[in-house]
Every structure is written in C-alpha cells, then in structure tokens.
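Look for chain A in each of the two complexes below; its partner is chain B in the first and chain C in the second.
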Partner chain A sequence: MTGRQESHDEHGRHRTWAAVALVAGMAVLLLLAVTDLPREAAPLPTVAREAMTSALPAWGSTEPVSVVVYGSRGFDTFGETFLLLAAVASVLLLTRRRERRAGFQGEEVAATRERSEQDPHPTSGRNEREARAAEREEEREDSDGPDASWSVPPRLPGLTVVVQGAARVLAPALAVAGLYLFAFGSSPGGGFPAGGVALGVLLLLYAAFGRHLVRQVTSAAGVEVVELAGAAVIVLIAVVGLVAEGSLTANWLPLTRPGGFRSGGILQPFSGAELVEVGTGLVLVTFALLDLRHDWADDTPEGPGREQ
Partner chain B sequence: MIVGNYLAAAALFLLGLFTVLSRRNLVKIVMGLSLMESSTYLLLISMAYRSGSTAPVLLSPPSGSTEQSLARGNVADPVLQNFCLTAIVIGVAVTAVFLSVVVRVAQHQRSTDSDQVRGMRG
Partner chain C sequence: MRTVVAALLVLVGLWFSLSGAVGVLRMPDVYSRVQSGTKAITMGALPVLLASAVATGVTSYNTSRAVLIGLLIAITNPAASHALVRAAYRAGIPQWSGAVRDDGHRHEPDRSR
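Presenting the complex of A and B:
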C-alpha cells in the first residue's frame, strides 16, 4: 500500500468518525425537539382553525387546503413559484449544449492576421485535432434532423409492444385524472399535483416509445415560453389583487356557488397558472437531465481531471 | 402513537445527514440531501394528523351536520398540508439543480469523488 493510499484511508476514517459525532449531536437535539411537538390529541393551531372556518364565507370554497395554498398564504406560493423558476433556469443553464449561432460571426477571419503574427508556424496537437473533430461532429448533429442526435450514444427506440400498448391505454387516462385533480381534486388538489401528473404522463410516453415521440412537446424553446406565460398570469392575478383590493393575491373575482369549477374566485385561475408553471418547470428540468449527452472532453490519462 | 412518526422522520433526517457528511461520492451526497428533504415531508404530514380526524374538505358533510360544523370539527391541519405540498415541489427542483451540477462535475473532472474535485481549491 502506498503512502498516498494510507493517507487517503486515514482521511476516510476521520471523516466517518467526525460524521458519527456530528450525527449523534444532532440526534440529541432532534430528540429534545420531538418531545415538544404537538401530539395527535392537541387542538388545531389558531391559524389552521381560521383557515377551516374562513374557507366557505370568505372564499366560497369547500377546499381549505386550496384556500391556504392560493388564497390566505398566496404570497408564499407566489414566492415559491419564482424559486421554482430560478431552479429551472439554473438547470437549463447548467445542462445546455453549445448554443446555436444565428449566423457567421467572422472571428476566424478577423483573427487570422493577428494569429499569423503571434504564431507564424502553428502546429496542432492530437488533443486539439480530436476536439475540433468532435466539435464538427456535434455541429453536424445539431443541424441534421431530430433523430441525428441519437447516433451517439446508441439508444433504444422504445420498449416492447406490450409496454407500448399499456402506455397507450394509461397515458390518456392519467392525463384526464390530472385534469380532474386540477378542476375538482380534494386535499390536496389543484395545480401542484396536477403538474406532477403531467410530467408523469410524458415520462410514461418517453419510457415506452423513446425520446422522439415527446421531443416536440418537451423542446426547451417552446416549453420555456409556456412556463413564462404561466408565471406572467400569476403575477397578473397578484398585482390586480393589490390594485383592486389592496393586498397581493386578494380575491378580486366574484364568488360563485361552492363546489363548482369556478368556485373560490381567484383560486382556480391561480391554480391553473400553477399547473402550467409547475408542469412545464418539472418537464424542463427532467428532460434537460435526460437529454444530457456525452461530452467530448479527452478521457486519456493526460485529459481533464487527471492533471492535479 | 404519532411520536413514532416523529422519530422515524428524525431517523430519516439523521441517515441523510450521515450520508452527506461521510460519503465522498457526489451522487450519494445528493441522495443524502434528498433523504433529509423527505424527512421533512413525513414530519409535516405527521404534525398535521389528529386522532379520529377527517381530511380538511368541506364537501358532502355527513347527515345531521353542516359544512360549518365540519369546519369546527376534528380535522387534519390544512396549513401543514400546504407546507408539505410546496416542500415537495421545491425539493424536486433543488434535487434537479444538484444533479445537473454533479453531471457537469463528472463530465469535466471524470470523477464523482469529492476528494478528486479540487479545481476550485484555495
């Protein structure tokens, strides 16, 4: 065993013992906290009782959870929506491929004279030649049809006909269930779980039929626009409440009969905008991760990560 | 005994914390963080529970009672259910950000071992 390996193992043991000590300390704190938590027989907190009793008279809704999510704590949901948007933007930024250019920029031509002055006899090494070849290959894949990008690495077009048949039956049923959850779902219904169901439908189709079937629906350029439209509607609902009623996310729509599709004033439009926002956001992050392709960084001993 | 749920949530949190502190593999660290997130879902839903309660829905009250009597009756806490709902969505988004960072680190450094990833050291 080399000295470096010994030091590595020693470091690993220290790490484990430090973790055990910290976890033990945290366990004591959590045990103390658990003894102070409300038990199953405790009365509901005032804020929960208020949410229960005000749902019908103030919002005309039979869904106290929806009233809390989109009504009385609507500002919390408002902030959370934009936290989700920021996370989606981060994932897209981290996973994006090289950006396509709208046209010829001319750097190569513009830099030729200066480069020949600095380096009159350029010699390109093997690494540079391979990187340039891989770059040209990726550019060719980008400019070809939708299936071209599947050449590397090879992927299966889909699963067996049995799974595909089952997916054909289940996907529409799941989509309708998701819409029902949004329109009439109870505790918790609304846009958040319905957005999760929308992602589930697309993942089912992706697993059964392969990427090409859902490529059009999940292309980042189109879905981003829909997601931002959902966020814009949420901002609009909140700002109109501020202007018309003096409070952000206050209800400014007439209340209808409880239990119907339109009951709850702004709750249903807010929930619909969240369905769009959450559904598209989850689709964007999931398919951005699934679409992460191989990179063409050198994998030889002198390549990246081996030089430290 | 709802205390059992609380202890299970604490155990799940500690398991996640131990994974984050003791593992070097970045994917395992993300899994540890996900475990810690999941423990909060269990804790919030357990705190919302009341023995013998119904779901906080004011639809179709049983015969002899009204929606308002249902509202004042024994129900689960709707505010904590709301917290859990938002926590799940944020948890998914944050995990996706972590995983994208891990994939990029793995692609650039050819390793998911946090000890090997020292490009930003110093």
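Presenting the complex of A and C:
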C-alpha cells in the first residue's frame, strides 16, 4: 500500500496508515508529557521561587502570576500593550472609511470639463463598457441593497431564536466572568484576558443578533478615546513609578491587606487600565475588519455607496 | 468509593466521546454527523465534569467551576450545532440518499429569494 495508489483512489478512502501514525504519535507525546509532569514535591525553578517569595513582601499580593505580569515584569506587559495599540492604529488607518471633505469631487466629476473639451463626442468602446458594468456590479453588491446577490454573504438580521436565546443567556454570564477575571481572577487573571472576554461577548452578540445591535457600541467615536485614555493611564502608572520609586512600573501605592480587591498596590489599577485598553483595542480592530466594505471614494456625490 | 464513582463517570464520558468520534467518521451526511458530534460533547464532557465534582466534593473549587462549564456547554452546544446544521441546510447541502423525511423546507424561508 503506497501513497501513490491511494491518490488514484477516486473516492478518497480513509488513509488508515496516516491516522494510525498520527494517533500513535499523539499517544507517545501525551505519555511522555504525563510521565514528565513535575511531582508535587519537586523543587520549583529559580525564577518561579523568586516570584513566589517576593510577591507577598514586596507587593502585598497573594497572586504571584499577577505580580509578574503587572508588577515585577510590568515592563513586558507595557510593551505588549503598546504593540497592540500600534496594531490597532494601523488597522484603523487601513480600514478607515473615506472622510467627508468639503468640496471633494471624485476623479470622474472633476475631469468632466477637461474631457469634454478634449473629446466632445466620446464613444465608449467595449472595454470601457465592460469595466463600467463591472464597477456598477461591485458597487451594487457593496451597497447592501435588496438586490444584493448571493455572491457576497447575505447580511442576515440575525440567527434563529435558538441561537439568540442562547446568546441572551450567555452574554451576561460571560461578561460577569470577564469582570471576575479582572477583579478576583487568581493567577493568571487580570485585565488583559478580561479584555479578550469583552471582545468575545460582543462577537457573540454580533453573531446572534447581527451588526445593527453592536454597531452603536463598536463604531462610536468614543471607543477610540476610551482606548487612548486606557493607554494614557498605563503610561501614567508606569512613569509615576519611575519618578517616585526609581524604576518603571515600580509600585508607588500603599500596600493594603493581601487578598483584598485593592491589594498589590499598582497591580489592580494597571490591570484595570489594561482591561480598558485591550478590550476597546480588540473591539476596534475586530469590528473595523468585520465592517470593512468598499474603501474607494464615490465619484459622484449621489453615488450608490452609502455612509454608515 | 468516590474514586470508583468518578472513574466510572469518566469511563461513561470516554465511551460517549468514542462513539461520537466513530459516528462522525461513519455517518453518511452532514446532518447525522453533526448529530453524532453533539452527543460526544454533551454526554462525553458532562459526565467527566460530574466526575471532577464527585472526586473533589460538592463544596470544592472544582465543583463550582464544573457547574459553570457544564451550564455553558449545555447551552452553547445545542445552539451551535443548530446554527451549523441550519447553515448547511440553507447552503443546500443534500441529505443522505437514504433519508426518508425532510421537514426543513416548511420552517425555512424560500432560498431562491
């Protein structure tokens, strides 16, 4: 039995040898992983021990992973956050709709006068007619009209009552779970993953109810402002640490009783700002791409493209 | 005792997962394959979650998580399978030639719209 023979097999019989090899390989991997699990009494690596021993005295927090993420290695999180911010900015730049400009004229309108001087009796050839027909077709598909063809995914108002009912139950539960992750999420927790959960909730609502429901939230001009405000708070927290304590993202808040909501000094404000920054950033990027339609300017003011 | 019950529950879960996997491979069309898949998730995952609750006690940290995950699975799995099958139906994917009944057209708007 060779692979060549099987590729000739028209109805694609199941390649048993491939399945057996993959399953056996996976089994070996899992077996190795299980046998190599650290025993409970095994000594921790130095880095882990350092994080465990410094979390409580230096940061007043019982969650070493949160201390690493938002405290002792906060600079890494800082860098990741601004990498995300840069990505958001570039995606928004690339997907931004055309801006309204006073007195803007499309190429076709602007050139009308000159063209009629040069060529008072234009005759349109076959190429031009085809190109114009194709352009009109594209605009019609993009314009979301009642005759939009099936070649573009139909913009359904939403899914069935089954899915909508499930989304109605799940969205609040997931939102609460995300907030819990931010507020009390034991290691690992915090604002970064909670921001991802926030995006998940909105995507769920988008999938179940269609874009009309979430558009007011996701396309509001305020979202960008909120995102930048989150980033500004992160910068502020980090820089105050540099000025007051001598290192970036050092703690400068008084430590409260460990285990409470406010324990850990700057950890919780940092995490909250991450929630705002990451949540709004991911929402902006995702819905900018989901709402991406045609991006060229209409030639004529009353063109078929619509502002949304 | 607890361990035995938990092990039995895990075995039940494994059995249904296996039968679901076999069904996904053996069933003739999309609709019956999805149906097998839902069994694998519902009856495969829920007993395992129950086993983790049984093994660690009702008031444990694991149980609260297991209840939460179980509820989420119980809601998402039917809804997702429903949406998947409906999408397949609307896309015009045919039923197995041996299927005897198709009531879907009575509930779906005309696709030729």
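As a working rule, the second predicted complex is superposed on the first by the 194 of 308 C-alpha atoms of A that agree within 3 Å, B and C clash if a C-alpha of one lies under 4 Å from a C-alpha of the other, contacts with A are read in each partner's own complex, and residues count from 1 in each chain.
The rule is simple: a residue touches a chain if its C-beta (ideal position, glycine included) is under 8 Å from a C-beta of that chain, and two chains touch if they have at least 3 such contacts.
Bear in mind the structure is a predicted one, so any value in this text is a computation, not a measurement.
In the superposed model, A:169 makes contact with chain C only, not with chain B. Within the superposed three-chain model, A:26 lies in touch with chain B and out of touch with chain C [touch as defined at top].
In the superposed pair of complexes, A:266 makes contact with neither chain B nor chain C. For chain A, the partner that touches more of its residues is B, with chain B and chain C as the two candidates.
Within the superposed three-chain model, A:281 lies in touch with chain B and out of touch with chain C [touch as defined at top].
Contacts of A:95 after superposition on the shared chain: chain B is touched, whereas chain C is not.
In the superposition on chain A, A:292 makes contact with chain B only, while chain C stays out of contact range. Once chain A of one complex is fitted onto chain A of the other, the partner contacts of A:205 are absent, as it touches neither chain B nor chain C.
Those residues of chain A whose C-beta lies close enough to touch chain B in the complex are 8, 11-12, 15-16, 18-20, 22-23, 26-27, 30-31, 34, 37-42, 44-45, 47-49, 51-53, 55-56, 62-65, 67-69, 73, 76-77, 80, 83-84, 87-88, 90-91, 94-95, 186-188, 192-193, 195, 258-259, 278, 281-282, 285-286, 288-289, 292, 295, 297, 299, 303-306, 308. Residues of chain A touching chain C in their complex: 14, 159-160, 162-163, 165-167, 169-170, 173, 177.
Residues 25, 68, 71-72, 75-76, 78-79, 82-83, 86 of chain C are the ones that touch chain A when the two sit in their complex.
Of all residues in chain B, only 2-3, 6-7, 10, 13-14, 17-18, 21-22, 24, 47, 49-51, 55-59, 67-68, 71-72, 75, 77-82, 85-86, 88-90, 92-94, 96-97, 99-101, 103-104, 107-111, 115-116, 118-119 touch chain A in the complex they form.
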